[in-house]
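Pasting the structures in now, so scroll down.
Both of the next two complexes hold subunit A, though its partner changes from subunit B to subunit C.
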Partner chain A sequence: MTAPTDRTTKRAWDTAQRSRDERLAAASRYARGKIVDAADTTKLLEAIVRPGDRVCLEGDNQKQADFLASRLAEVAPAIINNLHIVQSGIVLPEHLDLFALGIAKKLDFSYSGPQSVTLARALKGGKIELGAVHTYLELFSRYFIDLTPQVALTVARCADRDGNLYMGPNTEDSPVVIEATAFKQGIVVAQVNEVVDKVPRVDVAGDRVDFIVVTPSPFYVEPLFTRDPAQITETQILGAMLAIKGIYEPYGVKRLNHGIGFNTAAIELILPTFAERLGLKGKIATHFALNPHPTLIPAIENGWVEQIHSFGSEVGMDDYMRARPDIFFTGRDGSMSSNRMYCQAAGLYATDLFIGSTLQIDLQGNSSTFTRDRIAGFGGAPNMGSDPHGRRHASAPWLKAGREASGDGHGLPRGRKLVVQIVETFGEKLVPTFVENLDSIELAKALDLALPPVMIYGDDVTHIVTEEGIANLLLCRTPYEREQAIRGVAGYTDVGRARDRKAVEELRARKVIQRPEDLGIDVLDANRSLLAARSVKDLMHWSGDLYDPPRKFRNW
Partner chain B sequence: MDNLKLSYATRTPAAGDRQSVLVGVVASGNLEVLFERKLAPHECVVEIATPIHGYDEVWKAVVEDFVERVSPGGLYISINDGGARPDIVALRLMQGVKTMEVNHE
Partner chain C sequence: MNDMPEARVSDSASWFLSTARERIAGLLDHGSFMEFLPPTERVQSPHLALFDLPVAFDDGVIVGRGRLAGRDVLIAAQEGQFMGGTFAEVSGAKLLGLIRAARDNDKLPRAILLLLDSGGVRLQEANAGELAVAEVMRAIMEARMAGVAVIALVGGRAGAFGGAGLTAATCSRIAISEQGRTGVSGPEVIETNKGVEEFDSKDKALVWSVTGGRNRRLIGGADAYAEDTVSGFREAASSLIDRAPTFDLATLQAEQQRLSARVERFANCSTAAEMWRVLGITAPQSIRDMNDAAFVKIVADVKEASHDGR
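Then we have the complex of A and B:
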């Protein structure tokens, strides 16, 4: 055996490490230890970022490295350009300014809530080269395979001088972003509200953090998961009653995830009233993968919920969660600990039901939140709302859904995740939810995307709930039945009015479609007196004043 | 403002003996409906005033289903719409008829 020594000696194996050393050397004049003066942040970034770098600027759906975002938008495009932004959330205007200013060129992301309209405009204007719109798990996974950041700009509540970071309830994406960056010789910069002698708990170990910037004001957190009970409509309450009586009860759903929206908020608020009267306490909705929705407080206080693991936090919920460690995951310091990657994996593999809303559903049951002028992204919904084929543990709801899907009962026993879309047949401004073709197909053509952005594929959807009833797609045996089951709950939309009435009545006889009256629900009972809390103030009272609502929800 | 007047022959008269009822409110996305028992027992008229154009077919479909379902004979129903969605319209119609059924004390 002759070892190919000449080849191994010719190649350098530590180019990333050398690049890192050069960057750190260039940055050293701005740092004392790891600490950089806020006024030097732009110069620091010009020293550590190189043209063409992959940069993760956190950019979660809740907490924002807002100071670092605005300083990055100030670097000289002549020095730093062609960046490839790989971050989960496009939330702040600065995130898109980077592209308008010529600092960044390519984008891979997951969620774009508040910037969805601006993002669509920028894409159409050719300012952004779009890689893909990912799910959270998918983007985080790619951080370890082919989208590893060279630089990560993160955010924490405080740090010590060694760089140990404390993030409190808003840990969110940071551990995974920093792990991928730091262990591949990248550079990690954290903006913090303050430097302390000892952090309350170590969320990220200091040896993964290169620079600390103390910001003039605390970082921004988007209150994304607060829904004011005062805005919940009778139709949404009816949908919630249908979901509980027609899905949660018969399947015995205990482990679940709720998407955000007024429909799921209504479900949470009628657990202590409607579901309690049905005798379902302890039998449904006990274990959640869920952001800390304030609307779940009454159910928690009434003893419905056993435990909740969270993707992120929610503004105003800190003290409440600290006082309920039996329910939430909390650190030794007492505060809640979130982790978006862990919770996404938990929601994918360890829950039996996902229920969430959407903007458009087509005749195959495909759903999308992308419209012609809005690129909202996916977040976690495609993972939560899919049947994980890698699951190998059984549960009663999962097996029941699997039996319904298989029909004849022959073949191997298989399970199915319950994936429920709960919508009103018309959305804001009388825009129909049910459509012949998703807008996202047109959008994909216009933007030359390889893949039309579909949030949940029709073959993963098991049930559609509207004010007109529930369509159980597991029980449909042909594409025609499936289409008519969807038309049969599509109300007075064009799609709904074009139903084959005879086929729909046959589906109803087979309980593929169930109307409120088929489930013993009187639509006139769907009124706001069923809500355990009818205002944000009621939620505060339920929490024993531990919940501290953000100012924009304080309307008293 | 679009105005629409729909007339139906019903199978049976509406239940109860209440003479009139007002349900709902005129607000964005909501509607106000006045029910008056003043027609012949097998007649029903629904009059709609709406600020939203182009939904005649949807109104007809919603009202037809309602008439088919509850047979509101004798009722003159006036809708003052604030851009409500069809599900809310159907719900208010059902609420009104139910309230008309409640007898006077």
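Then we have the complex of A and C:
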């Protein structure tokens, strides 16, 4: 085939580049080199952002480009409007102000945390056109396919004059956001705490960064993964004992991810006590895809943990991680390096178990943290809590779970990821965790969503742990057995009381359901003396005073 | 009377995390506690049902007598985890009855231990609660005049605020732990009334630096610093009973003088660390993270911490 020679129309192949050049020209009056005075930030944004742009305003799980967020909320809606916000975290009030002020219109996101109630209200009020709620990996992937940002507003601890950025332990989403934006002719603006002659290490190369703004005060980071051991209940400790003795031990789970919450914090804190007495050190919980949870410090100090790769960081853990490079991934400068995209992929493909909590579980085992008036988003849990069909390497726990799922042993050997939901039968304010129907189905109808938001699908869940025992869903052979296995650990909730007692007893005889006594656990042993640390201050002392707890946790 | 078997509570159990009953069981000599109006009597709040709220069979206050390291004592403990350990009609009357009994009957033990753990008055029974606080304060004064040593032990999760803070200040002596907090207006109350700029109640480091045990001990707001264990409070309580001042005009004048001097001395301080510097502590920033032993050493050199008032 030969190329056409008589082209009648001449297509321009560099429109994005031209648009970028125009924007840079308009912005040049506010910049000296790459540096922009903080006072000119709003004008800078008016020069580089165009109506209808896709904008990523990080917006991460922990760190926030808070200064750029408040300046973007100050642009004139007459000049800049109809923005399409594409970022993982809707965390700051300003993120939603953009919609109330008429600056932004469409939203694709992943996690909303503290703004979940306001977001639900804004959606119901028709202020926001919602694209979809994503998992992290899913949203990051779409940055390269159909949601590539025209403008990325990022945040770093410091920059040099060439725009090289140092993000330190809170690298988080930035590398993927900037990669997608910069290489598709977009514009990258970074807010930094300071400009230095030489950054401690280059987390993002300067030629991907167009403008630097030094902010009047350091950026905000939420200590999202700190759980005060003082608030862990005996019920949560019982759940942790069940998980260790009923799942970690028999499957020999070494590579894993812990979801956020007090249930998993309890597991971390009884590794050096309960699990140590069971002789499990070195046999379970050695390799983690995990944020640097302060509650893991005692297990690390006692030699339980071999290595941890992290999605993000945690406030106060910098010095501790720097002093434990054998455990954490650290740069040549000594500080930890996180990367949400890498760690999500690692948690999806290279761990054998995910364990996490949730707000609601239905009779099929589907779970959700969305309720009628709360859109919490997904974050990473749906990826961590799913069986990756693209996995091809074997491991003992993965094969054992696969054998249990296949039952008869015929057909090709397959593996299964262990996906464990650990909950109390009644959650906060005595709201039942087990329900006939998820609230999120109602919510999907009310908001006209194409897909009811489900955090973890029932067919991915392998075990449910409550204070009443463990239901092993891998061993259920019919939908009825599955339903009764769930009812059989649902305690005194309506769902639990409606169990078929005979069926539940049969399931128990087959070890589909295991009660604490079936596992040799005395519920009276579930008390706080099992916790290796009982307060935040204990954690600090375990760390040799390297852990510097955030002010809101310093109750001394 | 209470004939339920008493659970053993270990000496190293955290006072902060223990329940009121665990604190009593651990503090007193094993088997010596005798409860007045135990839960089996169901002397409980007549008001909470109106609000569709659960009651406690002891209304959140336990009163009785027992032995502390061999010495006869009366004892009262507030359960901070029941409605914030609040002063209310029934719980207030139990406390008041105990103190008045000591005032009026010199056959009873000459020491009362008040294990305070309360945010103040129970709002659902506010009038009765306020009256109870006033009556308790008066009864403590009268009991002290009759020669009874009244010792406040502060180290629970609710702290000792509002009426409990006032009650503590009325006692002969106060023992506090690092995690203990005391004051009149609680952090949330100050924030609500004066704004978050004045006092951020969620900033625990700030809250504890002002109201917490270490600051209270350093500026003489408490007379003994206890390790956060059952045995720590037992030692502190025993030594304070021995050191309880006579309640007379001289003591009151000494107290007045001490408090006036404190107001003057710290007038220009806007943070706890500044006060600690005024007290002559060379590295005030290190006060909070150091261990108990190091802190006790520093307290020994601070003049304000020991006094002849109260």
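By our rule, the second predicted complex is superposed on the first by the 549 of 556 C-alpha atoms of A that agree within 3 Å, B and C clash if a C-alpha of one lies under 4 Å from a C-alpha of the other, contacts with A are read in each partner's own complex, and residues count from 1 in each chain.
In this section, contacts are C-beta pairs under 8 Å (C-beta built on N, C-alpha and C of every residue); 3 or more make two chains touch, one makes a residue touch a chain.
All of these numbers come straight from a predicted model, not from anything done at the bench.
Residue contacts after overlaying the shared chain place A:R497 against subunit B, while subunit C stays out of touching range.
By the touch criterion defined above, A:E234 lies against subunit B but remains apart from subunit C after alignment on the C-alpha atoms of chain A.
Within the superposed three-chain model, A:F183 lies out of touch with both subunit B and subunit C [touch as defined at top]. When the shared chain is aligned, subunit B comes close enough to touch A:F426, but subunit C does not. Of the two partner chains placed by the overlay, neither subunit B nor subunit C lies in contact with A:Y480. In the superposition on chain A, no contact is made by A:F144 with either subunit B or subunit C.
In the superposed model, A:E467 lies in contact with subunit B only, and not with subunit C. When the shared chain is aligned, subunit C comes close enough to touch A:N555, but subunit B does not. Overlap of the subunit B and subunit C contact sets on subunit A: empty, with no shared residue. By the touch criterion given at the top, residues 233-235, 238, 424-426, 430, 467-468, 491-492, 497, 523-524, 526 of subunit A touch subunit B in their complex.
Subunit C contributes residues 14, 16-17, 178-179, 202-208, 212, 214, 288-289, 291 to its touches with subunit A in the complex.
Per the touch definition, subunit B reaches subunit A in the complex via residues 52, 55, 57-58, 61-62, 83, 85-88, 91, 94-95, 98.
The part of subunit A that touches subunit C in the complex is made up of residues 230, 528, 534-535, 540-541, 545, 551-556.
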